[in-house]
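Look for chain A in each of the two complexes below; its partner is chain B in the first and chain C in the second.
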Partner chain A sequence: MATLTDVKRPPRQTERATKKRPRTSGKDLNGAARFRPAWMPLLWLLAPIGVVAAFYLYPFLNIIFLSFTDASPLSGNGDFVGLENYQFLANDPVFWNAVLNSVVYAICVVPLMVALPLLLAVLLKDHIPGIGFFRSLFYIPAISSLVVVSLAWTAILKDNGTLNTTLMDLQLISEPLPFLTGRWFLLFSAMAVTLWQGLPYYMVLYLAALSNVDRSLYEAAAVDGAGPIRRFFTVTVPGVRIMMSLVGILTMIGSIKIFTEVHLLSNGSGGIGGESQTLTMYIRSVGLDPTYGSLGQGAAGSVFLFLLTLGLLLMSQRLNRKAEEQ
Partner chain B sequence: MTTAALTSRRRRGRAGFGTVQGKALALRYVILSVVGVLLLGPLLLPLMAAFKAPGEPVFGQGASLIPREWSLDAFVQLFTQTEIVRFIGNSLIVCGLTVVSALILSTVGGYMLSRRGWKGRGIALVVVLSTMIFPFESIMLSLYAQVRDLGLYDTLPGIWLPMMLGPFHLLLMRAAFLGIADEVEDAALLDGAGEWHRFWYIFLPQVKGSLTVVGLTAFIAAWQDYLWPLLITQSSGNTTMMLGIAQLQSSFGTDYRVVLAGAIAALVPIAIVFFFTQKYFFKGVEEGGLKF
Partner chain C sequence: MKRKNIVGSAAVFAVACLTLSGCAGGASDSSSSTGGAPKPDVSCDVPAANLDNKAVDTSEATGEITFMTQGLKGTFDDFFTAQIAEFEAEHPGAKINWTDMGGDADFDTKMVTQAANCSMADVINVPSSTVLALSKANLLLDFDTKSPDLGETFVPTVWDSIDLGADGAHTALPWYWGPFITTYNKEVFERAGLDPNTPPATMDEYFEAAHTIADAKTGDYAIYGNTDWYLLNQWRNMGVEMMNSDTTEFTFGDDKQALKWITEMAALYEKGAIPKDSIIGDLDQSKAYNAGNLAFGTPNASFLRSVKENNAAVYDVTGVGSDTVPEGSNPLFSGQYISVSVTTENTPLAVAWAEHIASAEQELAWVNYGIETNTTVIFPVANEALDNLQAADTTSTDPMDQARTLAAEAATQAEAYPADFYVTGAVQKALVDNVNQAIVGQLEPQAALDAAESKMNTLLAKLLAD
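Moving on, here comes the complex of A and B:
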């Protein structure tokens, strides 16, 4: 602790002092940093870093460990069983079906989630009177929790819900469409919820990026006779390209681990016979079912989810670099 | 994903390029209104059915979008026939714990992570950053086993424990403290202020905005979380609000008005908070890339 006497007599910059702290060299550090005893940061970081280590780092290492054991959801850590859990997954058609569902989910959601919020942001970027009101209004879907949104959309998409009733009144269909029960229908309905709820959030990210686009580029393009659509593709899109790839990565990670929308729209079942189950739903049901569940198999699925996320992340980075080079 | 911090508030001031006037302005308002209806309709229209009187068809042929007769009957049922008060109470306890722990831990940790010149700073930062690459969904089973082994399965502290501090919050507070000049700290040191005094009287008062962002996002994340409480609770005694209203779908499937009334009850507190603290919401989104 830096006491008053220390302050009155600051340590001289002798060679010994610099040797003692070779990495911090002393010169570029301010006084407070030089007076701080070595144990002080440890004391301050004990709790925060401890929590991060206990509830993020340790569980991550533990999930890898658990995936090689036959742990049960009820108690204990189980015995080492080698690659058995991974073999089980590889031979489980339900698992591959869940992977397929999650991947299809990402493939459908990502392009739309990259493009639509950008259009919305372009609509909201100009500072016209009352724009703050519209920005806040448009943000309401994003602050509504997924549970609330899913319950509201269930009311629209039910067999006798608003959408089916309207379509039947218009004589477009004679039988209600199975929005919440059909294998792909359920997934597409959930995608609609994801998109609708995520739009305003990514819109705000794009608004931030748009405000950094040099306005003289727009003026120059307008002078050259470029219309609004031309300006969008030649000025706006290149200007927010970095944000577009960030949104792409974020939404891809989000889609692969999708859970709540599909779970709630199907009232927990994942569709008839669970055939619309996503990867996260599979992990939960395999890992935690009190009678048939195996924490080890669920953990193997979790490791797969992590590797899938990591793989997609690295792949998108590579694609980005390639696009930059061209 | 702190790379989302691509903008500063100062720059936003001159964000408008090209002024919109006359007919173009009127057209812009028309488009904005249409898009607004499309965005809010799918949420507000179904929720309106919660105000229908008993006996009025909620769905199907002959049901109107807007209630023919406005009634609070569904809300009366919600509060008398379900344990909604308990759900709200449980959620508020979890939210309160989360906000307090997130604020304390993120400021204390963020402060020291922002100070330079001590051994282990690099390692500490790497530990925090490395947690951002794996999704919660891939560690939820081991968290479950951990909380179960602590004997906290199906308890409110069990819900709170894994979300007591988000790495985002630590990094957000670190960024806020980084913005404070070294000279300020040195001046306080010369006046004889120890580490704690400098933190409490010099640093903390300068980051009130970021503190609000951390508190708000912690509250909303805890209020809206669904997957983790679903895994770790079993009895209705520890059901949170989100779980509770989702369960109404099964217990009140025949009277969907009550389900929608529950959805409104879950939405209204957040909507009120949002309208009073909008600028912090957007600050959180832009600077921290925080998604609620």
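Moving on, here comes the complex of A and C:
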């Protein structure tokens, strides 16, 4: 007995069979029809595939390959050394300290970077006179050079900088806080720079997401007696959940790879004794030092960074899914 | 489900690309020596003539080469443009393209990346921190073979120390340098009750003066905390045996003088004689010195130019003195070099230009240019140039003139210090990190020395084994 699907299919198959695509010569074709050969889409894909293969896939595979060799910056690919580089990392306390710093960085920055731009976007979403000016003003940090931003923050955070001077003038502290020299202080200072600069960028993303939230939902919630906070959690947050997830993922990847902020605030030292050094700083220092560097160890560190990022990402997705289910 | 898998795979790929692709190193096949100099492990072809045992004939130097300097464009454009024009006039058909890479902290890494990618300039200005890396990788031309007798041009103690190529080959020509001197703020000295006209002559006097300034509690600082630049020189001046004689091991771990240096610095830090955040502060301490409440400035004459330009009042009260070199010891040479890339396709012109720019005549011309334009205080390393240095005005009270007089004296007696080539990159970081932790009280001084020595020897052993 024929099903409905069976009944519908034959005419389409027949149509497909009778309307064979013209192959090449195209003498009797006009315009775009000349470019219809089946392989043509693949041809268009060649360039992007080539770019991805050359600039992403090859370096990715090369890093994995290098992590099993004793290559150095000036000695080519080196020889196969098995898991030696991974063993070196496993036994290097400096490496684990760097991992800890990067993870702490991500754990602190991600939730703040997901929440604060959303709050800011909620404040700036309404179309009131002059709001464009404030939106532009808030966006300035995002378009500033991170190097310049970090230098400016260094001036604010140093022992005799604006922040310490103000706190001392207000008699809140008796001696300068070591914002740039204390192990955790330096990391938190760098987080502040990351948040300050990243906040407006993600705020713009949230503004776009907020504009798609149905206004009638707010009206309905208001009619039901929901106040601003209730409306935020029951209408706004569910409405931008996908964007929050995206911001979380992007911030997670960026935070775990944090380099510039800590590097610049500590003048490349990673803090006193290198204690605030992050994983990417560690990878750079062991991998790229011209004289004593080991590309193999640096590559092994990169592979670890990849797995760590992936692990954290999967964990956050699982948490997200659980939250959605609840 | 299928869509989820696709999204998941895409996410994994994206993460992989984002986290790993930025760190890919240059790849190349290993290769062996072809006789003469060993062949470097690079992917491009190395002209056989650059590796054989024959000298280069520079009489027909034509064609085009690139000459790369470090942080010289913008200050010395007139000088080098004139030099190049003069050379090109003397060598019809020759063209020198001058490029410059800023002298930032990443210079070494950038240069090594260029070398690994075979994109290094034909003639390069190499700092002491990179000479060892490039020489060990056989990426620099062997001057002993290609331009024999060239070594006679330079101060013997300096020339003898740069035999860093394969089988002790000389791969770099000493070019210019700035001797260490002492710079200090006379007013800070005076406020602390010190004689403003008597700078410390030894490291003991240096620490004594620093303690006096700290104890005076005038609100002044004695020493800037980031000593990366001159730690090695100060240790040498205290007689620290940094390495064994054949430079195969670091030996400072049990050195009493190294322990003393750290102990003194830790005591001064505790007393507040060192700005706390300067321990990892900007390498250039001129900003801190220009504030007028720091006793000791950067121990380099060219530093004074920055003080003069940014705070004339502090410049006027700046005193200069000789470096704290002990009796019977010579000033430390730590300078810049000229090398030729072993991958150059135009060796005759590259060698001719290297010989020209590092010649006594040109080194002297550059030094004099620095004096006449008041742009810098640098010194040559060629014997003849040192013999013909312009007599400085010894009666002048201007700090730059005084610094030039003292530096000129030091320049004629200087000797290279092998440890200067080895205490770079990760080795230097291991030393500085541990020393800094001891200075701020996070580590005992002896524990810091032991940890630094151990880490540095591990890295050195790996380098020598390669």
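By definition in this document, the second predicted complex is superposed on the first by the 277 of 326 C-alpha atoms of A that agree within 3 Å, B and C clash if a C-alpha of one lies under 4 Å from a C-alpha of the other, contacts with A are read in each partner's own complex, and residues count from 1 in each chain.
Just so it is clear, a contact is a pair of C-beta atoms (placed from the backbone, for glycine too) under 8 Å apart; a residue touches a chain by one contact, two chains touch by 3 or more.
These numbers come from a predicted model, not from an experiment.
On the superposed chain A, the positions of chain B and chain C overlap enough to count as a clash. Look at A:K158: by the touch rule set out above, it reaches both chain B and chain C.
When the two structures are aligned on the shared chain, A:A71 is found in touch with chain B and with chain C.
Judged by the touch definition given at the top, the superposed model places A:P117 against neither chain B nor chain C.
Set against each other, chain B and chain C touch different numbers of residues in chain A, with B touching more. In the superposition on chain A, A:G273 makes contact with chain C only, not with chain B. Looking at the shared chain after the overlay, A:T181 reaches chain C, while chain B stays out of its contact range. Touch criterion met: A:L210 reaches chain B, while chain C stays clear of it. Touched by chain B in one complex and by chain C in the other are residues 55-60, 62-63, 66, 71, 73, 75, 77, 158, 253, 256-257, 267, 283, 287-288, 295, 298-299, 302-303, 305-306, 309-310, 313 of chain A. Against chain A, the residues of chain C that register as touching in their complex are 11-12, 15-30, 40-43, 105, 108-109, 111-113, 115-116, 129-130, 132-134, 136-137, 139, 226, 275-277, 279-283, 422, 424-427, 429, 432-434, 436-437, 440, 442-443, 459-460, 462-463, 466.
Within the complex formed with chain C, the residues of chain A that make contact are 55-60, 62-64, 66, 70-78, 158-159, 176, 178, 180-181, 249, 253, 256-257, 266-269, 271-274, 283, 285-295, 298-299, 302-303, 305-306, 309-310, 313. Within the complex formed with chain A, the chain B residues making contact are 1, 3-4, 6-7, 11-12, 14-20, 25, 28-29, 31-32, 35-36, 39-40, 42-43, 45-47, 49, 58-61, 63, 65, 104-106, 108-113, 115-121, 124, 127-128, 130-131, 133-146, 148, 161-162, 164-165, 167, 170, 182-183, 185-186, 188-190, 192, 194-195, 198, 220, 223-224, 226-227, 231, 242, 245-246, 249-250, 256, 259-260, 262-263, 266-267, 270-271, 274-275, 278, 281-282, 285-286, 289, 291-292.
Residues of chain A that touch chain B in their complex: 1-2, 4, 7, 21, 23-24, 29-36, 38, 40-42, 44-45, 47-49, 51-53, 55-60, 62-63, 66, 71, 73, 75, 77, 120, 123-128, 130, 134-149, 151-156, 158, 160-162, 165, 168-169, 196, 199-201, 204-205, 207-213, 215, 218-219, 222, 242-243, 246, 250, 253, 256-257, 259-260, 264, 267, 280, 283-284, 287-288, 295, 298-299, 302-303, 305-306, 309-310, 313.
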